[in-house]
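Right after this note come the structures.
Both of the next two complexes hold subunit A, though its partner changes from subunit B to subunit C.
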Partner chain A sequence: MMRPIGSIAFVAMLLALVFVPWLAPPALIQFGTTTLLLATLAQSWNIIGGYAGYASFGNSVFYGIGGYGTAIAMVQFGQPFGVGILVGAVLGVIFALLLGLPVLRLRGHYFAIATLALAEAMTGVVSNLDIAGRNIGLVLPLRKGDAFFYELSLGLLALATLTVFWISRSRFGFGLIAIREDEDAAGVMGVNTTLYKALAFLLAGFFSALAGGIHAYWITFIDPVSAFDITLNVMMIIMAIFGGAGTIFGPLVGAILLASISELLATEITGMASLFFGLVIVVAVVFMPRGLTDLTRRFPGLGWRYFRENLRLHRL
Partner chain B sequence: MSLLLQIVVNGILLGGLYALMALGLALVWGVLNIVNLAHGAFIMLGAYTSYYFFTLLHVDPFAALPLCMLTVFAFGFVLQRYVLNLIVRAPMFNTLLITFGVDVVLTYLAQIVFSADFRVVNPSYAGANFTLLGATIPLVRALAFAMAVALTLTVWLILGHTRLGRAVRACAQNLVAARLYGVEPRTVYALTFGMGAALAGAAGGLYGVVSQINPYIGDPLTAKSFAISIIGGLENPLGVVVGGLFLGILESLTSLYIGSTYTDVASFGVLVLVLITRPRGLLGKTT
Partner chain C sequence: MQTILAVDRLTKRFGGLVAVDDVSFDLFEGEILGLIGPNGAGKTTVVSLISGTITPSTGKVLFQGAPIAHLPAFRRSRLGIGRTFQLMKPFPGLNVLDNVAVGALFGTGGGKSQLREAREDAAKWLAFVGLGHRERQRADELGGPDRKRLELAKALAMNPRLLLLDEVMAGLHHGEIDEVVSVIRKVQSRGITVLLIEHVMKAIQSLSDRVLVLHHGTKIAEGAPQAVLNDPKVVDAYLGTRRV
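Our next item is the complex of A and B:
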């Protein structure tokens, strides 16, 4: 539920971010593009993972498919980027439907593992396809100017966030939340669970595929291992949960904060950045399991008791 | 024909080790409901323990197995007792995430401490092999297979026939009832996680003998252990053996008849099929 202050802050932040390319040094624009794409991925994971409660480890499949769709259309068929990214998005949606229908019948850990397995299998399949350049990958045509990709990513993130905003106050969104809380009860109450889950998966696939397409064209190269990287999928989950899964702004805040922390660490203490990242995850899960959004809402009232109560709730 | 036989034998030998790898993961998953994404990192720790005992102290890798198990057991016990017990009742995401965090920390600590170089545990009998029914069997692989089967059976016996095993199974079935009957879950959970870690340590010690080790071997091994646990099912330790052998043979056959780049496609494709058609594993009940 977006309060007026929230929407004003969102619009203000969006406007401020639009002007970054005119003011910031190139390195910051590149960092910004990466962060915006990560935030888009976290937001798209939020639809299936945060609202519907399905821990998808397969969103990186759609990211990879979006990237490959774009690359194949541009390299093998000589199409412009606009057509390429459309092909990528359509492929992402088709795969979300084809994979979603069988896999969404599974619940809990089983769903998580099945999607993880799909991502592993996709790496193998794509690295054997001639049209996708096998395991060497494809080189896309170069387009100069980081600002273009920055604005594109920003637009995509705004679109994804607006979609989540719509979800959070629509019948569809309440249906997803009902599924997350108790799927059988939701079904009994008349929620078409299969349709709702498939739609959520499809939306997540659509935005992830677009992000993959932008990324592939931006770095002008795509190969199977980096396109279907599981680490990327884990990253988007961590960002969404760190900020607050199932909220509108949580995934954005989580993505921006964590990306900034790891970027700062990477410049300060190169080798230790990942180590610190791992420790942050462990500490965050123990002390603020419902993310930053929950922390900012309840910490002022509860003070340090907030952490004690989280511990008491989840410890053995 | 003899080629097929050789391939199947290779698959079985590989599968025994796979089963041992997956057993620890399946045990922790089944009892604690934690999918330990750091399982592969534990295997990696076991492999390095074996490597350092072998290169620095010249301990035979098979004799060093108990030491590998003890080292990783101690680590797993402390981790569960003082960290994971704090979040064990949290939603599934959180347990997945925290073990992922542990995995990242362990991998990068290993990279700093052990360096990213490839290491091999190379005892004097590494090249020896013998022939059985027309198939050539490398000695170390046969020994590793035998150890893996022995350890799996030991775990099966411990779970079925000891006081600790009954306590573990009681916690898995009904935590509240187990507590009422005087089981102290904090310790039992820590012991179970430690046992899972010890099995990973043993698998690592054996892995070091049959393959190369580096700090990054963990993640693919975690994924394999997952696949095997699902294919075999979590309810029965023997299911993991079936899953391990199945995957080992499947991978060997795929790399012979279809191509070695397709082994992951085949194994994870089968995993998805099993999940959809028999979600409780090949040996599980069909309902």
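Our next item is the complex of A and C:
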């Protein structure tokens, strides 16, 4: 639920973020763009993983398809970026439907494993497509100025977050939550589980594909290995869960915090950075498995008992 | 009397096990039919076949004259079939009010479209089952008896025409059983037909218009409660045959 304080904070933060490009140095704008895109990915994962409870490892596929759709439309057909990103988004949605209908029949770990295989399969497929530049990739037209991409990413993140806000208080969202909590009971209570899961997957695919399109145009290059990188999918899951999956702001906070920590570690201690980053995640998952949102909600009442209870739940 | 549900030669096999074997019965509009039988008799399987969590191997189920045996569960619930689960299935992450609101948002005819209306409706049903004071609690924090009440409220919020109750009194003490019995009477007085699976014989006797007995998946008796419970075949099924 979004309390008034939450929405005010959201709007204030959004306004503050809009002006960053005028004030900040280029490096910060670039870091900001990356973080906003990651937050968008975490937020779109939140729809299928956080609300519907389907831990998808296939979202990076939509990201890659969005990037490739944009690149192919711009490079091979000489279309402007606006058309390109639209092509990417449409392709992402179509893929979400085509892939979703079979794999969403699987539950739990089986779903996760099936989606994990998708990314590998896509790398193989795209590496052999002439129109996608085979395994060399495609070089997109250059557009100077990071501010454009920053604002675009910010707008996309705002749109994704508003969508999640709507989901959280709609009949659709309650259907998704019911599926997450107990799919059989949801069906018996009248939730069209197949349709709802497919719609959630489709929404996740739509936003991920848009993020992929922006990223490809920003970087002006796309190749199969980086487009369908599975670590990106792992990142979005960690960010969403760290902040609080199934909440409106959790994935945002998780993405911003983890991206900042990762960046700080990378500049301060370079070589050992990923080790410490891994440590941060392990500690977070052990002490606050339901994310920061749950921590802020229940820590004031429970105090240190909150962490003890979580430890007990793990049976450590 | 109008038939609301007709079960016709229903059979369900799980591999080599025949859980429900050629069972037929009718359920009349507005009545309470008690469904009893020893553990493993196939009672819950019958409820699952009617509600759609599983589909039959052979046989037909007609609800208000229309065949439903192969419809997905959500379509049956929209037609007006609600059920509770013996192994209770609350949505643990949601509070009690929102658990019931899911029923009001979906359920018969597709339910309410606005969350606010659904929550108002949910509050009404929670009061109806005597759980009004627990609205804000998380569902997984409820104790056994309150979970049973929650199951009932969730099913009622779907506004069903036919309610399948799978052991809603198991584990309750006498006072609580009396409360649930009176809730079920109120449900019946609203014109809702009830199929009641129960081991609490006192409740079966006082609530049921008719009783049906399953044993090893087959129907062994059907009729007025007192006559059925005194039927030698039924006594044998529960106590075993005397061997001399």
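Quick note on the criterion: the second predicted complex is superposed on the first by the 315 of 316 C-alpha atoms of A that agree within 3 Å, B and C clash if a C-alpha of one lies under 4 Å from a C-alpha of the other, contacts with A are read in each partner's own complex, and residues count from 1 in each chain.
Here is the rule we go by: contacts are C-beta pairs under 8 Å (C-beta built on N, C-alpha and C of every residue); 3 or more make two chains touch, one makes a residue touch a chain.
The structure displayed is predicted, hence computed values, not measured ones.
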Fit or clash for subunit B plus subunit C once both are placed on subunit A? fit
Take the Cα centre of subunit A as the vertex and report the angle out to the centres of subunit B and subunit C, nearest 10 degrees. 80
Contact-wise, after the overlay, does A:175 reach subunit B, subunit C, both or neither (first, second, both, neither)? second
Tell me which partner A:241 touches in the superposition: subunit B (first), subunit C (second), both or neither. first
With the two complexes superposed on chain A, say which partner A:123 touches: subunit B (first), subunit C (second), both, or neither. first
Kindly classify A:184 by the partners it touches after superposition: subunit B alone (first), subunit C alone (second), both, or neither? second
Touched partner set for A:193, first subunit B, second subunit C, both or neither: second
Once the structures are superposed on A, label A:131 by its partner contacts, choosing first (subunit B), second (subunit C), both or neither. neither
Please tell me which partner, subunit B or subunit C, touches more residues of subunit A. B
Tell me which partner A:9 touches in the superposition: subunit B (first), subunit C (second), both or neither. neither
What is the minimum C-alpha distance, in Å, between subunit B and subunit C after the two complexes are superposed on chain A? 9
Both partners, subunit B and subunit C, contact subunit A at residues none
Partner subunit A, residues of subunit C touching it in the complex: 51-53, 72-74, 77-78, 82-83, 85, 89-94, 98, 101-103, 105-108, 110-115, 118, 154, 158
The subunit A residues in contact with subunit B across the complex are 49, 55, 102-103, 105-106, 108-110, 112-114, 116-118, 120-121, 123-125, 127-128, 135, 230, 234, 237-238, 241, 245, 271-272, 274-275, 277-282, 285-286, 289, 311, 313-316
Under the definition above, what is the set of subunit B residues touching subunit A in their complex? 29, 35, 83, 85-94, 96-98, 100-105, 107-109, 111-112, 185-186, 189, 219, 223, 226-227, 230, 259, 261-265, 268-269, 271-272, 275-276, 279
Looking at the complex, which residues from subunit A come into contact with subunit C? 169-171, 174-175, 177-178, 180-182, 184-194, 246
